[in-house]
Every structure is written in structure tokens, then in C-alpha cells.
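Pasting the structures here.
Look at the two complexes coming up: chain A is in both, with chain B in one and chain C in the other.
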Partner chain A sequence: MTRIPSWIWPIIIAVLVFAASRVVKNEYYMFAGYVVLQYIVLASAWNILGGYSGYVNFGSAAFFAIGAYGTVVLDKLWQPPLVVAIFLGGIVASLVGLVTAYLTLRLRGVFFAIATLALAIVLQTLVVNWDYVGGPLGYYSVRPDSIVGFPSYVNYLFVVMLVLALITVLVARAIEWSFIGRGLAAIRDNELAAECCGVPTLRLKVFATMVSGGLMGMAGAPFPYYITYLDPNSAFSLAYGINSIAMPLIGGMTHWIGPVIGAVLLAVIQQVATVTISSELNLMIVGGLLITFITLAPNGIVGLFETYRQQRHEHASP
Partner chain B sequence: MVTFNLLVNAVVTGILLGGFYAAVTIGITIAFGMLDIVNIAHPVFIIMGSFIAYIVNRNFGLDPLLTVILATPLFFLLGIVIFRFYYAAFEKSGKGSLRGLAFFFGILFVIEVTLLLAFGVDYRLVQTSYIGPNIGFKHIDLPLRMVIPFVGSMTMVTGLYVFFSHTFIGRAIMAVAQDEFALSLMAVDTIALRQLAFGVAIATAAIAGGFLIVIQPVDPSLGREYIGRVFAICVLGGLGSITGTVIAALILGTVETITSTLFGPSWAPAVSFAALLLTLAIRPSGIMGR
Partner chain C sequence: MTQEPLLDATSIRKRFGGFVALDAVDIIVRPGERVGLIGPNGSGKSTLVNCLSGAITSDTGTICFGGRAIEKLPAHQRTRLGIVRTFQIPLPFASMTVVGNLTIPLRFAARHRPGGGQGESDLEQALLILENVGLRNKAHALSAGLTQVEMRKLELARAIAAHPKLLIADETMAGLSNFEVDEIISLLLKLNKQGIAIIMIEHIMRAVMAFSQRAIVLVAGKKIADDSPDVVMNNAEVVRAYLGE
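Our next item is the complex of A and B:
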């Protein structure tokens, strides 16, 4: 019997989730599921740069907001189909990634981390001062009528995000298994040695930043229609920054499934905590889990699982 | 219309603000510049200092600046505890950088949310005699609430400068910053020195927090605005240089105030990012860098 290639599994799960979205009538599940899927995109996209190469990006919110505000601009201009907004958001976000990466990635990794942190703050300043997109008051976007073939617009958004999540996971997996992924792993382990062996380090890092930022921008594009009222505070929420770091760290950063596990786990905990306790407390939970995991289980859940498997293997074959 | 008078006032206010920025950044200069510990949670420790000043001032009527000076030993101890933990968990195993960053990011979150849960999102302020009155020369108005932090901050920074350049321990810490490995070969306990220096860095946050709440009302998430700013100043000054930090802080404070006079205060946060990117693109070693 031939081994089933692992890229089949994400597709099978996505198809099952899609089938479920057809059956489930309660809109709330679509609403909550959208957030979980959005975090799968953000966490997997973050991991392409942060997990594979070890360069920390604190500015996930900036890339996400570029996508979201890109949609707002398009919405005011000519209301294109959502797919166009997603593409444009992705392109603009990856260009911003290109500039930031090119300016700071030649230096030590810390500078890139700080620059991305500051990037989020500055873009927020720009948006607050930009009256065309609503400035500090925010922007109300009117959802288009339901799309043909979908029971409701929320359901449509859910399916769109499902497709985005599937694409992101497959892209992350493809990068991990290609020469790019090996090059990035070499950078993570020892950049100087990698450079000496002929790995084009700067080009790989910039490429990874562009892909990662672009995917985050794509995740942000449907957001204005999802919450219908977009203001700078919700688009640039620091929750995106911390979650997209915490999820891969908790899930495990060296394997593409890690961010997905982390995203599903944390996003579900947060959805439950928001409903049952309070929305501030759920950020506290994320912060606490983040600290616990990086100190006690630095390789995340995937790492724990692998250690367990290794130990069992050693026991089985003495 | 922007008059000459307005511009002069902006420059003077900018210098006063810049002096305060030096106090805010000095902890980062020590931790990041000298010890190579990327403590992005530093601004949130400053906010913690502000809130301690607020609680004591409100309940006992004590002067906020006196309070934070009394609080420095506590912050020093806190710094030592955090360093011990950081060292044991990340540096010892040699997996510092990335995980250390994420660790401080987590600390930032936990403290900020704790403050948020305890005090809510309201702005808090303190009552003292020097908040309100101005001292003026001819056309220039100097609000005392800016002058006193400026003077205090310059005193603190000068004190630290003397400590790092003229005392035995201070010079030993500078030596750790230069070449830790060489020093450890001479049987020096470099970990103890770094621990001490990190304690000092966190202790400065308490004092900076006292200045902050004198200058403006404080809310738990104010720290975020300062993250970009302090790192911009630190990098612009040339990592680890106290003189450079002061010069960079004065420059950034002045440029920010002029920007907000000319274009409106909502543009001020963008200044620090522009300064950071320009520095990294043109001269990554900063003003006083080697």
C-alpha cells in the first residue's frame, strides 16, 4: 500500500468543514469559526518567516490592517468582488513587507522585530489621520447582498476564509519541504554558516517576509465585511500581534501543522473565554500560556509529541 | 499661522520632553545596548511605576516623585528576579534571542492586562503643587510639570553616567558589555554583573514612571506608544551609549514637538518610526556608535 501524501489531509479536512457549513444552521458557529480560520491563516503565515527562519515579526496587526483598510478603500471606490480585494490586499501587504525587510533584515534580527513593532504603530497613526477611510471614527461597510449559492453572507465569508486557510497551510507546507524551507532552517540554526555555504540568506528572508506579510494581508481583506464596522483600534488590535506569535510557539514552529494546532486550540479557548468570562482576561490567558510554553516546552505541542514518540521508539528497540 | 514665537516654544518644550525621553530610554540602553537583552516590556514597567505613584498619591497624598524613588529598590529586586528567570530559561541553554523576545512580549501582555483589570481603561493622574503653574521668560512659557521631570531625568542620567564610567562596578559592567567571554576568562562572575545591571535598568523604569504621570495622565495601554519611541532613541543614539541616548532623546523630543505643532499631535507617533528606519538605512550604528 502506498503512503498517503500528507497534503491530502488539509484538503480532506477543509472539504469536511465545508460540508458541515452546509448543514449547520446556527449562524453563530460561522461567526466563531471565521475567527478560528482567520487565526489559522495568521499563525501559519507568521510561521513561514518566524518559525522557519527565526526572525520575529511583531507587526502581524500591521499587515492584517493593510488588507482590511485596502478593502475599505476599494469599497468606497467601486465595490469590487471580495476576491479582488483579497488579492490587492495581499499584494500591498507583501510590498510593505518587502520594504521593511529589505531595510532591516540586513542587520541583526532584533532590528527587524523592533521595526515591525513600530510599523504597526505608525500605520495606525497614518490611518487615524486619513479621513478618507474614516480616520479615528472608523468606517461602516455595508455587506453586499448574499452571494448566489450561499445561504447567507456570513456563510460566504466563512467559506472564503476556509479557502484562504487551506491555501496558507498548503503554501507553508510547500515552502517547508522545498529548498526555500531548508535554506530558512539553515538561517535559523546558524546564519553565518548558511551564508558561507552559499545559501542566499537575504533573498530567502525577504521572500519569506513577502509571502508571510502577503498572506496576512489577504486574511485582513474580508475583515471589514465580517465586523461591518472597522475602526483603527480593532484593525490594529495587539491581539493579532500576540496571537500570531503565541499560536505557532504553543503549537510548535518547525512543522506546518504546529501553527494550525496552536491556532485551533488558542482561538477556541479565547472564543469560549470571551463568551463566558471577559475579553480582557482571554488576552491574559494567551500571555500566560505563551510564557509557560516558551519556558517549559520550547518546541510546542508538536515537540512534546515528537519527544514522546522518540522515547517510545527507544523503549521498543533496545 | 505658525509664528516664530510658537516655534521657539515648540523647540523649548521639545527639549524638555526629550530630557524626559532620556529617562524613559536609559533602561533600554542598559538592557538592550549593554546586556543584549531585548526587554520590549520596559515601557510597561514604566507604566507600573506610574500606577504605584498614583495609588500612593491618592491614598496617602505622598509626592509621586518621592514615591517612585522609594519604589526603586522594589523594582531593582523585580529586575533581578526577571533576569534570574530569563537567564535560567533562555540564556543558559543558548536559545536566547527569539524566545527571549517572545518571553518579554508575554510579560508585557500579562502586566498590561493585570493593570487593565485592576484599574480599568480610565486615565489616572496625580495631585501635586507643581502640576499647573508655569515659569516664564518673556515669550517663553515653561510648564513646571515638564521642567521638574526634565531636571530629575538629567540628574538621574548624569548619575548613571558617572556610575558607569567612574566606579569600579560600573566599569566592570561596561567591560561585560564589550566582551563577556574575555571577562569570564579572568574569573569574573559576569552573570552577577549583568544581573545587577538589569536590576538598575528596571529600577530606572520606576523613576521614569513617576515623571510620566507628572507630565500626563496615564492609562494601562499607554506603554505601547513608547515601545517604538524608546527603541528608536536607543538605536539612534548608538546602542549602549548614555551620551548618545541623551542626544538622540533631545533630537527626537524636539522633532516630535515641532511635528505636532505644525501638523497636529496625531502625527507625532510617526516621527519615531521614521527616525528608526532612517537610522537603520543610513547609519545603523547610530550617533555615538563605534
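Our next item is the complex of A and C:
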């Protein structure tokens, strides 16, 4: 079978989006597109743990905020290039993932979910009481000068997030297709059976948590420069936790493309609703879509597509 | 039989709160041996299986496998060493096909054995095993849609795919018809011929008698008999445990 390998498509689409970012003059599209891309990273990263292994992480905001506040600290210290901040944010977030994993992954099901929710609350409390990064008042980060080769700093942030999204999608796909992905799927189906089949369940779960958390941290790192004023409420916003669960759920959790579809769909709807109706409506839209999908298509859009394909296959060869 | 034992577990104890599930149980299995493990409900058979396979850790006692102390090892490492179990209630990987189920132990357990991961591909090996257990025609079906008998065969096939030296079959035949029981027994005998030692946990006396070279009886967490099946069946204590005074 000489098919085009599926990893080509994300690269092609990323290149097209980059080309579009060179042509489009209206900055608003960069602002809006940034959010969509950021959610592709968060949703795909969440799915590496939550979708592949079935461990529901409610603390996406915590990992995101680690990246964001990491940048704040670096900004106060020596204003390194953004890439350095992203890299460090990713490392710190994945280390927090490591610690969280060892503390919580022996918990199963709903207890793990509650533990991750607690992580977000504990970290937010710490940040609120940490005056160095602004405490409850927040922190104003001045955007650096424009980067050579980019029309504006916002355009630069957009491209950075585009690259991050591409990396995340490719990482998620690589994990899904590797033996690690097979092992995580076995854990999701039945952890005891997986362990008894030789799957090192704890090690795989820790790995997934570190990769997932690290990518979320990387997504958070450019955020202070995007929003220019960062306070605990925006960094630890409930929207991150909920969206990064809702998007894979709506798109489909067993395939790497699922979170991407869910993120694009939901984030675009939210952006449009924010501009045309009101920003308060966002979470209600998420809620409505979630209920619709959980009742009508529990395996998400990808699941719908697969059922359709299977039925056609069965009709073709009875 | 003076061979070095394959499995040598001594004074295994396990308490759940105030309940003593296993009280200083010893069990030895020699390479290639067929052992039946019987006992009334709640006598500790499954707890013993769990302790041996690593699903739970015993409170005290030592477990040696192939001359190596394994009582502290997590379950997946014991599987890789060659202690492989099946579950009383089949636990298939429901999102995967039947073949997909087998690739998990082939990739995660069998490859960690010397000589593993060479020769045939995982898929070929999986199909061969399915051929042997009589599931070849279901190879690409989703495991969630199998019948009860097929699930039990899959459970066995998955264990075989881990390349066991010792297979612990936990009530593989519960709820099966006579014909199906015979099918599973002949399958287990075939595996045994290939040199795999087998512990069979079973309620169906006929199956245990037909299969085992040695029978071990657990009652209330204690081992009360360990001998050839004929001798065990005539043991006064065993008769009392099964039939009452």
C-alpha cells in the first residue's frame, strides 16, 4: 500500500496556515488564531494521558499556569528569548507532572481526577500568595520588540504557537502509534490485565503525565506576552481545565486527530460567540455540546466516522 | 521428581483487616508439572493466585521463581519472568481486536525473554496462537463482542502469548459445558506437553482429576492436603471440608 503517511498532513496544514499568516493583515485573526492553536496544544496534550490511558486530568490549568508564571519569573530576571522560556516552562511543568504522577497515579478513576483538581487549587493558592510574581494583583509583562522577520510580535506569537501545536500533534501521534500507545490503551481497557500482560503500567502512566504536563506548560509559556497582563484568575482559569477535557471528548479520544478536530471546532465557536454574542456564553456552549456528544456520540466525531466506515465495510463484505 | 522447583513459595500470609485469607501456605511447582488447586469458596485460592502473580503483595513469606526471589517484584516483571495468569472473570482489552489483545503480551512480556522478539512477527505469532486455541476465525473481531467461551479462550491465548513457564489458570472452565471443558483441558494438556508448568484452579472436580498430577487443597486459608489426586480425594479432612461432617 503506497499511501501518503498521515503525519504529512499536519505539516502541510501548518505550512498553509503559516503562509496565510504572512498574507493576512488583520491582527485580530492572529489573536483569535492564537487561542485556537493554544487549545490544539492543550487538548492534544491532555489526550495523551486522558484519552490514551483513561486517566482524567482536571488540572490542565495548573500545568498551563506553571508555564505562564515561569515566563513571568524569567521576564523579571533577564528577559530571555521566548523559546528559552517555553523550553524551561515545559521542563518545570513535566517535573511537576512527575511528582504529581508519583503522588496520585496509584489512585484510580475518580480519585485521580479529584487529586489533579486539587493540584490546580493548591498551585493557585501558592501563586496568589507569591508577591514576586504579583500575587493577586497580577503582573504586567511588556512585549519585547518585534522579532526580525515578523510583521509584529503578535504575529510572532501566533507562529510560535503554530509550531508548538504541530510538535504536540506529531508527538501525540507518535505515542499513539508506538508500543507506548498500545500499552496506554491496554491500561485504559483494563489496568490489572495490562499489568499481568507485562505492561509496566506505573512507568507508562508517569511518562504520559510528564509528556502531557510538559506540553501544557509549553503552551502556557508565551501566554503572558499574549495577554500582557497576567493574574492568577486568568492563568488558572476554569476554562482551560474544562476545554481541554471537552475538546478531546467531542473530537474523539482514541485517535490523535480527535482533539485537534474538537479544539478547532470548539475554540472557533467560542471565538465567534465572544465577538458576536457575549463572552459569557462560551462555557454554556461547551456544556451544551458536551451533553449532546456524550448522549449521541460518546466516541466523538472520530467515533462517528469510524462507525460509519465500519458499517459500510460490513455492507461491502457481508 | 528431584528437579529444582520452578516455583517455591513458603509460608505465604495475607490478611485483609481482621480476616486471615492465607495462613502460612507453602506451594512448590516443578518445571513442566500439572498441579490442581482446589478448595471451597472463600478458601483463599484466588488470593494465593493474586499473591503469586503480584496482583497483590503477600504480608510475609518468600516466593522464589527459577531460583530468584520475586515477592517484591511488581506483577508485570513477574509476567516477564514467566509467571502468567488468566482471570476468573475474563478481562479482555475491549477496545482492541482479538489479535490486538495478543500483541500486548507479545510486545510487553515475550520480548523481554531471551530469544524473544526474533523470528516471526508479533502478528504471525498471534495468529498461530489463535489457531491453536481455535479462535483464528475471530482474529479481527472486536474482543468485546465475543461469547463467554470465546472470551475464556482469548484469556488463555493472551496468557500463552506472554510465553509462560508457569501458567496459572484461574477457573478457566467455570460455566462451560462438558464438551467445552474437554476442549479447554486438551488445550492445557497440549501446552503442558510444550513444557509449561500449569496450576489449575477449578471447582469442576472431573477436570481437576483428569488434569492434575498433584492436587493441593486449601481450606480457610490453610493448606490441608498436597498429594496425588486419588490420595487427596480420600483424605478424611478434605472430604469433611467438602461434604461437611
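Here are a few things to note about the model shown:
Basically, the second predicted complex is superposed on the first by the 316 of 318 C-alpha atoms of A that agree within 3 Å, B and C clash if a C-alpha of one lies under 4 Å from a C-alpha of the other, contacts with A are read in each partner's own complex, and residues count from 1 in each chain.
Convention: a residue touches a chain if its C-beta (ideal position, glycine included) is under 8 Å from a C-beta of that chain, and two chains touch if they have at least 3 such contacts.
Owing to the predicted nature of the structure, the values given are computational and were not obtained by experimental measurement.
Annotation: superposed three-chain arrangement on chain A; chain B versus chain C shows no clash, the two fitting side by side. In the superposition on chain A, no contact is made by A:Asn57 with either chain B or chain C.
Applying the stated contact rule after C-alpha superposition, one finds that A:Asn47 touches neither chain B nor chain C. In the superposed model, A:Val199 lies in contact with chain C only, and not with chain B. In the superposition on chain A, A:Ser21 contacts neither chain B nor chain C. Touched residues of chain A were counted for both chain B and chain C, and B has more of them. Of the two partner chains placed around the shared chain by superposition, chain B is the only one that A:Leu117 touches, whereas chain C remains out of contact.
Once the two complexes are laid over each other on the shared chain, residue contacts for A:Asp189 go to chain C alone; chain B is not touched.
Of all C-alpha pairs linking chain B and chain C after the chain A fit, the shortest spans 7 Å.
Looking at chain A, you'll find no residue that touches chain B in one structure and chain C in the other.
Remark: chain A residues 179, 182-183, 185-186, 188-190, 192-202, 254 touch chain C in the complex. Chain A makes touch with chain B in their complex at residues 50, 54, 56, 58, 103-104, 107, 109-111, 113-115, 117-119, 121-122, 124-126, 128-129, 136, 238, 242, 245-246, 249, 280-281, 283-284, 286-288, 290-291, 294-295, 298. Residue ranges of chain C in contact with chain A, taken from their complex: 53-55, 74-77, 79-80, 84-85, 87, 91-96, 103-105, 107-110, 112, 158, 162. By the touch rule above, chain B contacts chain A in their complex via residues 32, 38, 40, 85, 89, 95, 97-99, 101-103, 105-110, 113-114, 116-117, 224-225, 227-228, 231-232, 235, 264, 266-267, 269-270, 272-274, 276-277, 280-281, 284.
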